[in-house]
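Labels A, B, C and D are assigned to the chains in the order they are written; within every chain, residues are numbered from 1.
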Amino acid sequence: MFRAEMLKLTTTRATKAAVAVGVAGLIATQVTLVTVLPALASGAIGPGREALGDDLPAFDLTTGAAQLAAVSPLGSSTGAGSIGIAVLAVLILGVLAGTTDYRFGGIVPTALAQPRRGRILTAKVLATALAGLVVGVTYAAVSLGTLLVSLLLARTELAASPLELAGVLGGGALAVALFALLGLAIGILARSQLAGVLVMLGILLFELIAQAIIQLVTGTLPAWAQLMPLSLGQAAVSSGATGGIPPVTAVAALAALVAVVVAAAGVALRSRDI
Amino acid sequence: MRLWPGHSRPSREDRMRTVLADGAVAKGSQHAGSMTKSTTPALAIRELSKSFSGYRAVENVSFDVLNGRVVGLLGPNGAGKTTTTRMILGLAAPDSGEALIHGRSYRDLERPARMVGAVLDAAGLHPGRTGREHLRIAAAQIAAPPARIDAVLDEVGLAPAANRRVAGYSLGMRQRLSLAAALLGEPSILVLDEPANGLDPAGMHWLRELIRSFADAGGSVLLSSHVLSEVALVADDIVVIAQGRVAAAGELQSTVAAHGGDLESFYLDLTATSAGVR
Amino acid sequence: MRLWPGHSRPSREDRMRTVLADGAVAKGSQHAGSMTKSTTPALAIRELSKSFSGYRAVENVSFDVLNGRVVGLLGPNGAGKTTTTRMILGLAAPDSGEALIHGRSYRDLERPARMVGAVLDAAGLHPGRTGREHLRIAAAQIAAPPARIDAVLDEVGLAPAANRRVAGYSLGMRQRLSLAAALLGEPSILVLDEPANGLDPAGMHWLRELIRSFADAGGSVLLSSHVLSEVALVADDIVVIAQGRVAAAGELQSTVAAHGGDLESFYLDLTATSAGVR
Amino acid sequence: MFRAEMLKLTTTRATKAAVAVGVAGLIATQVTLVTVLPALASGAIGPGREALGDDLPAFDLTTGAAQLAAVSPLGSSTGAGSIGIAVLAVLILGVLAGTTDYRFGGIVPTALAQPRRGRILTAKVLATALAGLVVGVTYAAVSLGTLLVSLLLARTELAASPLELAGVLGGGALAVALFALLGLAIGILARSQLAGVLVMLGILLFELIAQAIIQLVTGTLPAWAQLMPLSLGQAAVSSGATGGIPPVTAVAALAALVAVVVAAAGVALRSRDI
């Protein structure tokens, strides 16, 4: 059953396209923010800092903390409250994994081959988690690669410890896999691609708007307001040194959140006629 | 409803009678299929009922499909044939009653695809995958050996088109692909819902032969179809469902004998009185 | 290809012969339909060809559909029937040749729906709309009076289900709704692609009567179907397409006479030699 | 043909849902930002300014310029670079208008009823423009309503001139209608709902990222970089007093941009087999 679900993921163009868009988006963001801008600023390429003016707010990649911040496998953010292409792509990958069977009726042969619906869900969760992990590791490799190229260009030492780097990259890969599962569960609940994508966007926008309002009203962002998917994902790739939710806690909280939604999808799958 | 005694010589016209609509089970199973040794009915449908928001779609439906028999399931649109089929296959849960496959419900079967192959209306074919990819997924789902994929592709005549995307398939080719997936597990029972939909005349001819030889080898077939002329050519028994209930059931030839052997005239007479849902 | 002379008494068996596969036009039109006064063929298909990425789907296809005739369009899956139909209706552009409706191409018709009603495979039915909403949209598209909506709903027997969402319709009900939309504009020509798909036996019987009475009133019908037994019951003429070319065309009875009047045996013989695409 | 396209729009739940989501999202944003926060700040409701602290960055609605900024029919932004629910909803409305016919094959009866494809496009453009305008006027009414309630609560005079207000509201309504047409054209080009929504999101994200990068590199946002849909939409509801592209020019530029995409959709519709 698991192998069948893996085949379903690898034999559709839409999933491949989602991964390709995510990787391409991540490369574009990371190359620009982590490699090109610091290189411009340092004068390694381009006319040099003076010609560009003082407004160029490039990463200063000399400290270990800055290097850890720049290596984000979820894509370095260009501003608070934005949703990165890389994260969107893996969420959409998950929604597609959850809805394709419904769109073209593939759920019928699946349920015929395995009448125990719980096992169908297990196979889908495992296949999507594996696919998400592969995407997450790819994202981590891309971010690490752009950082190393940037450091080479700027002739800067790698100041972050390998252990810390591994922690950020690993946390990111896990977060990406969990995002894929979140998309999967939303997709199974929604059953239609469009509804799944819209519900997912709605959840993300809700998080952005809710946090903006909470911040406006309270003047700060309390910990409970950060127990939402995007914030937990960002916390999972933080170095943990800057306060906020520690990475391990963030991954665990994200996993718990995803588990709840997956459980809801399981209840729906079991109780609905196909 | 009548109960026929079993016969010891299974031939086209007077093989052991199969179909019971009153819930009784025919036990006179001298006939043992080459595929199955069981003496229980291949399919035993027992007082199955299901309602959708107050509307009684299926009400107290009972019939059997015995080994080696082709049973035609007939009825007007909306009579409850599809709902019955979906309950047999565990896709929909009955409100009451049960559908047993060699004595066990579909959801309790260990390896259902090795026992039952099904072709349903919603064929579940993703247009972006090739025919072979669909069968690879189906084979992985039921742990069938990969060699079966080429075997069933040959059997349904799709081998030349196996590596083309399903988006370019005609309706008839999709039906063949669904049938190939149903045959993957080498089942002893086939459940076919309008399998001739979209098949060209050569395809219908081929399907008829396939069903016939499947049953002659001891397999059982539940064939739901609107094309009475095709059913008349291939079925041993018929079950007519109208307004959710069994309106008639029995051996084909003797059931339609009173209508000069014409299935269409028998059927139209029977369903006209029950004012079929359109 | 043979050319039959026209007859002055249009009856079921020896009405004026219609179908020509060699591009010649039958002009002996003593028969004038009650719906149209034209003496040109209702449909004149002239050396139509179309390729898809090198594959010749339709090659030099020519035939006529005259007023008052039902022409059965037969052929294996993938033979080019659907592509031909789509070119007739202006949905696909031919590489060469033309399809004329009373002398004009579909795209040049002022009010095409008043001349041609079509039921195609892809029925275009949004599941979230009711049957009546679909017909309201169709009526708005062709500027048909709203009163026609209830008229066609009655005609196809869908009036009781008109306000239900199409998602709950059976395949047969969807076919009836498509047919209702095709009849909205009171056309004199019907182009039907597998209209019996999903219809129950009572529905097929009804459809047969509808086609027959439509033609008897002078209308023309191009009926594409795989169910040869249905075609044999309703068609005046047949055109058989195989591998993109016209393999046979002519008046039904005389064409199949050499095969003991059996359309299926005639058809299978004809298409077996041309090794039909599966 | 036009009436048929209007019926298509009004008889599908998805379009109604998109409009409902857009209006609800706009009400939520506007009520929060324009009514609740200023009321909290002024002490009209809640514990009063002192108890809430100085960080509450509420609109000061006493000046005409501030009132004009707050009345945005596209939704007051909670931060630069964000995409409002109201704008997303009307873009999705357009994509749905362009793709529904393809999803369920309704394009076939449409092409049978009207074999001249150009007229099909015209009917769709007119129907979608009208629907978009209705949504735009609704959005304008919502924003005006929330502003007036806020002014009443704060016992503040309406300082903006009615003419200026009408200009902002009218520009917003036109921008909303143009966004609907943009979605329609993207939908016709993409033919599938999912592809249409993704292409649209891709265009919006491209705008956000491209502008962020241009701003990072050049230190400013040149006029040519603002010739993209979201920026033009924002410029269309600006009062014009703050520099940047004047509202009338913005509406015209947005219309030209949309016309190009619609023309591309027309070419595709005419040359493709159905």
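In the analysis below, a contact is a pair of C-beta atoms (placed from the backbone, for glycine too) under 8 Å apart; a residue touches a chain by one contact, two chains touch by 3 or more.
Just so we're clear, the structure is a prediction, and the values are computed from it rather than from any experiment.
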Note: chains that touch chain A and chain B both are none
Rounded to the nearest Å, the gap between Cα centres of chain A and chain D is 28
Rounded to the nearest Å, the gap between Cα centres of chain C and chain D is 47
Between chain A and chain C, the Cα-mean centres are separated in Å by 54
Where chain B touches two or more other chains at once, the residues are none
Multi-chain contacts in chain D, i.e. residues touching at least two other chains, fall at 14
Contact graph of the chains (line, ring, star, complete, other): ring
Chains touch one another in the pairs A-B, A-D, B-C, C-D
Within the complex, chain C is touched by chain D residues 1, 3-4, 7-8, 11-14, 100-101, 103-116, 273-274
Chain B contacts chain C in the complex at 74-79, 121, 157-158, 160-161, 170-173, 176, 194, 197-205, 226-229, 264, 267-268, 271-272, 276, 278
As the complex stands, chain C meets chain D at residues 86, 89-93, 106-107, 109, 112-113, 116, 118, 120, 122-130, 133, 136-138, 140-142, 181
Chain D residues touching chain A in their complex are 14, 21, 25, 28-29, 32, 37, 40, 52-53, 55-58, 78-82, 85, 88, 92, 193-194, 197-198, 201-202, 205, 208-209, 212-213, 216-217, 219-220
